[in-house]
Structure formats: structure tokens, C-alpha cells
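Following this line, the structures themselves.
One chain, subunit A, links the two complexes that follow: it is found with subunit B in the first and with subunit C in the second.
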Partner chain A sequence: MQNKLTQSAAKLLFAVAVLAGCQSRDSSFKGTELPEREFKDFTLTDQNGQRFTLGEQEGKVTLMFFGFTYCPDVCPLTLSTWKKVRESLTEDEAQKVEFVYITVDPERDTPEKLKAHLAVFHPDFIGLTGTQEELQPVYAGYGVYREKDQISDSATGYLVNHTASIYLLDRNGIWKLKHSNDARPEDIVHDIRLLLKY
Partner chain B sequence: MAVRQLILLFLLVASGCRQEEKTVDPGQEQRFALLREHLKRQLGDKYEAPVPAASPDQLKRGGELFAKVCAACHGGRGEGKGHVATALAGTPTNLTSPHEASFFSEQARLYIIRKGMPGTAMMGWEDVLTEQDILAIYLYIRSLIQYE
Partner chain C sequence: MRLTPMFRKVGLLALLTSLFCQIQACQKADDTPKIEIENIWSRPVQIENEDGRVMKSNGVVYLKIVNDGEAPDRLMSITSIVCDVVELHETKMNDDRMMMQKVDGGLDIPAGETVEFKPGGYHVMLIRLKRSLVPGDRFALQLVFERTGTIKVDSEVGQP
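On to the complex of A and B.
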């Protein structure tokens, strides 16, 4: 009798543990969690020629990617993923999320060029450029690597090898998560929804 | 009996031809037609000017550049199925298709490489590549067309 009770209690405990485990997995992030730190504020110029200050976006979840319009692979791939993410969000959710694309090629990426390029993917995406002086601290703040890869003889005949992670900041501007550029859109949507609950 | 077999063979071949034509969707055909008119206006008399034969060096250079700047979308063999292609909203042009190539003149296709295709992810490369490099890419792309 005692033995049966012990066995039942053990089974019950096991079931509770499994359920608790499932619960915990369900509420955990799909992306890689980063050591929490507040990101240094910056002001850059968007694709409409307007000044954009990160600090003024408080209350919104921010997705951030560093790329360039002549990028032939990872950047259009990321923007296509973002498009799917944006379209998966409800309009209410989308009001609280920002997609920020910062150029690693300010020499060629003018606001006009960013505008034409981003419009192909989604009109809500924000493209940012600036002077080297404005951008350098932003690259340093995120540890962004960028290096020119000369492919043609002209002065502007280069591609840019660069860091290609997607960063997520929570609604308080805390740098929270990192996804690879080939992340599944549903995983990013999952993490955005968790961050919106904070 | 032989006549019936001949008719059957004809129908099979004809349906095969129609299948090839269907690889371009009607929306894309319409956009291509509009773009073709735009390019005719842009290029004027030069629209139909032929592009000379490629040298081995041009094909080699074109192939190297194609791998760097085109293949992610258009695929390694130009079939329009690069790893980025599946994620793009529009379908990249199948560069191996004679049907798709026939929409534009040679000068028009060179122009698209230079200036891009408006409203699509196809960028113009004139700010990055020299005119010789753009020509080399075009000559390489032309060599990918699979005529029956």
C-alpha cells in the first residue's frame, strides 16, 4: 500500500515536472539571449531625410540589422524574413514594433537609395544612414564588423563583408536577443510577442 | 494507326511547348511588357543593337562576378532559384529560359544590369561595376540560355 502511494506520488511529481518544463520552454526565447545592457542612444538620418533618435522610440520593440543596398545575399534574405515577420504581426502588435536597418555603406547608401530599396520589402521598415562620425559609435556599440571587398576597378567597386545578425531590443531599449540572418520568421515573431509582454 | 500516333505525338509536343510558356506568370509578362516599352524609349535606336561575341576572358570574368553578385538570387546556374530567391516576394528571372530572354533585346538586358529593375529587388550595378564588368556579366548570362 505504502509502496503504491509512493509510486503514485512519484508519477504525479514527474507529470508536474514535465508540465512545468513545457511551460518554461514555451515562454523562453528562440533567439540567443545577450547580456542585458542598455544601448547607447544615437541619432541618424532615415530614408525620408528625417532625423531618427533611438531613445525616442521607447515603448517599442526594435529589430535591428546592419546591411547595405548593394548586398547580394544576406541583406535581401533578412529583409524578406522581416517582411514575413511584419505580415505575421497583428496591426496592434505592429504599432509597437520597429524594424531598423542601418547601413554599413554610408558612402553609397543615400536616403533616396535606402528608400527605393526598402520600399520593395515593406514601407514600414526604417532605413538609417549618416556620416562616418555618426555611424562609427553605432558600429562600435553593437560590435559590428565591416570590411570592404573590392570586386571591380572603379572607386565604388566594392561589396561589404559585415556582421549579419538581427538584434532585438525590448520596449525599454535593453539589448536582449540575437537571431541569425537565416532565422525562421515564426521564431522571431515568437520572441517579439514575448518582448511585448515585458 | 500511324496517323493517330502522329497526332498524339504532335499534341504531346504542343502541350510541352505550352508548358514552357507557362513558366512566366501573366503578371510578370505584363510587367515585362511595360518595362520593354520603357526601355525602348530609353535606348531609342540602340535598343536592337547587337552585342558582339564573348572572349574566353570575358566569360571567365563574367562568371566570377555572377557568382558574387547574381547567384544568391538567380541561382548558381541562372535558373532563378538561388537561396535568397525562395524568400523574395517576386521570382528572380530564370536566366536559362529562352522564353524569358526573348522579352528584351540584348541592349535592354545590359541596361537592366546597369540600372536595375524598378519595384523589384534587382539592383542596378552601374555604381559598383565598370562598364566592362557589366558587359562581362551580360555575356556570361547570355551563355547560360538553354536553347533546345
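On to the complex of A and C.
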């Protein structure tokens, strides 16, 4: 009798260990986890001229990227990745996720410019701009590098060098993860689904 | 009829001269670049606002330049009627910081190699588009090479 109990207990422990192992593999993020930081709120202007406040986003997971519409390469690549991510989510999941593109070039990226630019990719994407006074604390608060590069012999006039990571904020608006700008869409979807569970 | 020794010598000289010229011609024919342009594509861009007003907007072209020849060439410039100005740029990443640099003085295309323009690297920047680019659209580009001259291609606008 005692032997049978011992065997059953051993089997149960083994099963629990296997399940725990499986779960820990599934619950590991694909992106790079960021050091813990406190919530930083901000208010900027979206592509429809409406005010957007991060703290009012009703418990959504947020993808965030800092780019500019004059950029023809990395920034559209990121938006293309976001489109694939958005299309991979179920409608129920998509209701709890938002895609926020913040300009590093407020001089040229007006709300109407952002609207036309993002419309090509997905109507759900949010583009934010503002005054320098509104944007500087956001760049500084989140450690985002941004530098205007005047190019005298270029028809562009200037370009903007900037941090090009894709950030994921949890449902409390806390920065949790980052992915590179050329991350695989399925890896970002994986991390979104984990963040939706918390 | 028997050939005189003199005749035989002249004939041999003519044959050798002919052979020498053939070899020279072959060598000269190999000493050139052989450029092909492949996989040319663009991203869609909307340049008009809701009222139809055109806003300054840029586009991009990616492609592959294949040099199957025995000599290098240099891409000097690109033009297109789809925009005001075309420039060559290169994206460089430093950790997670992105920088774009204009490529000046042309771009070397070594013999026997392929130079690829792709996201995150070299790209053709279409500055101040004159019209929106929509998926399925095609537009012409002219690539000017130092030795090969002008090659005309079409770029296809893909999905966003």
C-alpha cells in the first residue's frame, strides 16, 4: 500500500515538473527584457488632431516606435512588420493592443502628414506628434536617441538619426521589452500574447 | 603546283598574325563589366492629404546589381520622372541607433559580384514624389554606370 502511494506521488511530481518545464519554455519572451522602470505618462497629438494620453489607454498592450515619415527605409520596414503583426492577431486580441508611432521629426511630421503616411499600412496605427517642448521629455524620459543630421549636399535638407527599436509596453503602460526594427513578426506576436496574459 | 619557300613563309606569317588578332579580340571582349539589374521593387506611399493636397513625401527602391563581367563598373547616378531628385543612401546601425548616409561619388560594382540594395542597407531614395505609389504600380528608373552607360528599368510597387 505504502509502495503504491509513493509511486503515485512520484508520478504526480514528475507530471508537475514536466508541465512546469513546458510552461517556462512558452513564457519566455522573444524580445529583450528592459530594466524595471516606473510608469511615465505623456500627452501628444495624434494624426486626427486629437490628444492622446498614454495613461488613458484602458489596459492595452502598446507597441511603440520612434521614426519619421521622411525616412524611406527602416521606418517603413517597421510599419510593414507592424502590419503583419496586426494581421496575425485575432480581432479580440487586436482590441487590446495599440500601435503607436511617435515622430522624431515634428517640424515636418504634422498630423496630416502622419495620417497619409500611416494610412498605407493600417487604419489602426496611431501617429503622434507635438511641439518640441512636448516631445523632448518623452525622448529623454524613455532614453530615446534622436539627432538631427544636416546634409548640405542632399535634397532632403536634413535627416534624423534615432533609436530604431520596437518597444512593447505592458497593460499598465510600463516598458517591458524591445525588439530590433527587423524583428520577425511572429516573435512580436508571441510577446504580445504573453503580455496580454498579465 | 608546289609552293615556293617564300610563299610558304608569307602564308605562315599571315596565319600567325590572324591568330594573334583573334586572341587579342577575345581578351578585349572579356575585359568589360556585364551589368544586369534584378529584383527591383518599391514600397507604396500616399502623398496627398484628405483634401488632395500634395505633401512632400519620399519613396524607396530596392534592387540587385549583378556584374557578371571581368571588369568592375561604378554606379554614378539614378534618375526617375516619378520624383524631383534621386539619391543613393545607406542605412547604418550602431547597436539600436539608426543613421542614414548619402552615398557620394558613385558606388563600386566589382567584377563578378552582386551589390544588393535592401532594407537596412543601401537604398535608392526617391525625394519629393510627384505622385502616390500604389501596390501594382510601375515606374521607370534610369541607372547611369561609368562604363556600361545608362540602363533603363521598371520598379514595381509591392504591398505595404
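We adopt the following convention: the second predicted complex is superposed on the first by the 169 of 198 C-alpha atoms of A that agree within 3 Å, B and C clash if a C-alpha of one lies under 4 Å from a C-alpha of the other, contacts with A are read in each partner's own complex, and residues count from 1 in each chain.
The rule we apply is simple: contacts are C-beta pairs under 8 Å (C-beta built on N, C-alpha and C of every residue); 3 or more make two chains touch, one makes a residue touch a chain.
All values reported here derive from a predicted model rather than from experimental measurement.
For the composite obtained by superposing both complexes on subunit A, the positions of subunit B and subunit C are in clash. Of the two partner chains placed around the shared chain by superposition, neither subunit B nor subunit C is touched by A:L89.
Applying the stated contact rule after C-alpha superposition, one finds that A:I151 touches each of subunit B and subunit C.
Judged by the touch definition given at the top, the superposed model places A:T81 against subunit B, while subunit C stays out of reach. Residue contacts after overlaying the shared chain place A:L34 against neither subunit B nor subunit C. Of the two partners subunit B and subunit C, it is C that touches the larger number of subunit A residues. Once chain A of one complex is fitted onto chain A of the other, the partner contacts of A:T69 extend to both subunit B and subunit C. Applying the stated touch rule to the two superposed structures, the overlap between the subunit B and subunit C interfaces on subunit A comprises residues 69-70, 72-73, 76-77, 80, 83, 108, 117, 120-121, 151, 153-154, 156, 159. Contact residues on subunit A toward subunit C in their complex (touch as defined above): 69-74, 76-77, 79-80, 83, 108, 112-113, 115-117, 119-121, 145, 149, 151, 153-156, 159, 161-165, 178, 180-182.
By the touch rule above, subunit A contacts subunit B in their complex via residues 69-70, 72-73, 76-77, 80-81, 83-84, 108, 117, 120-121, 151-154, 156-159. Against subunit A, the residues of subunit C that register as touching in their complex are 43-50, 55-60, 84-85, 87, 89, 91, 93, 96-100, 102, 104, 119-120, 123, 125-128, 160.
Partner subunit A is touched in their complex by these residues of subunit B: 65, 68-73, 83-84, 87-89, 119-121, 123, 125, 127-130, 133.
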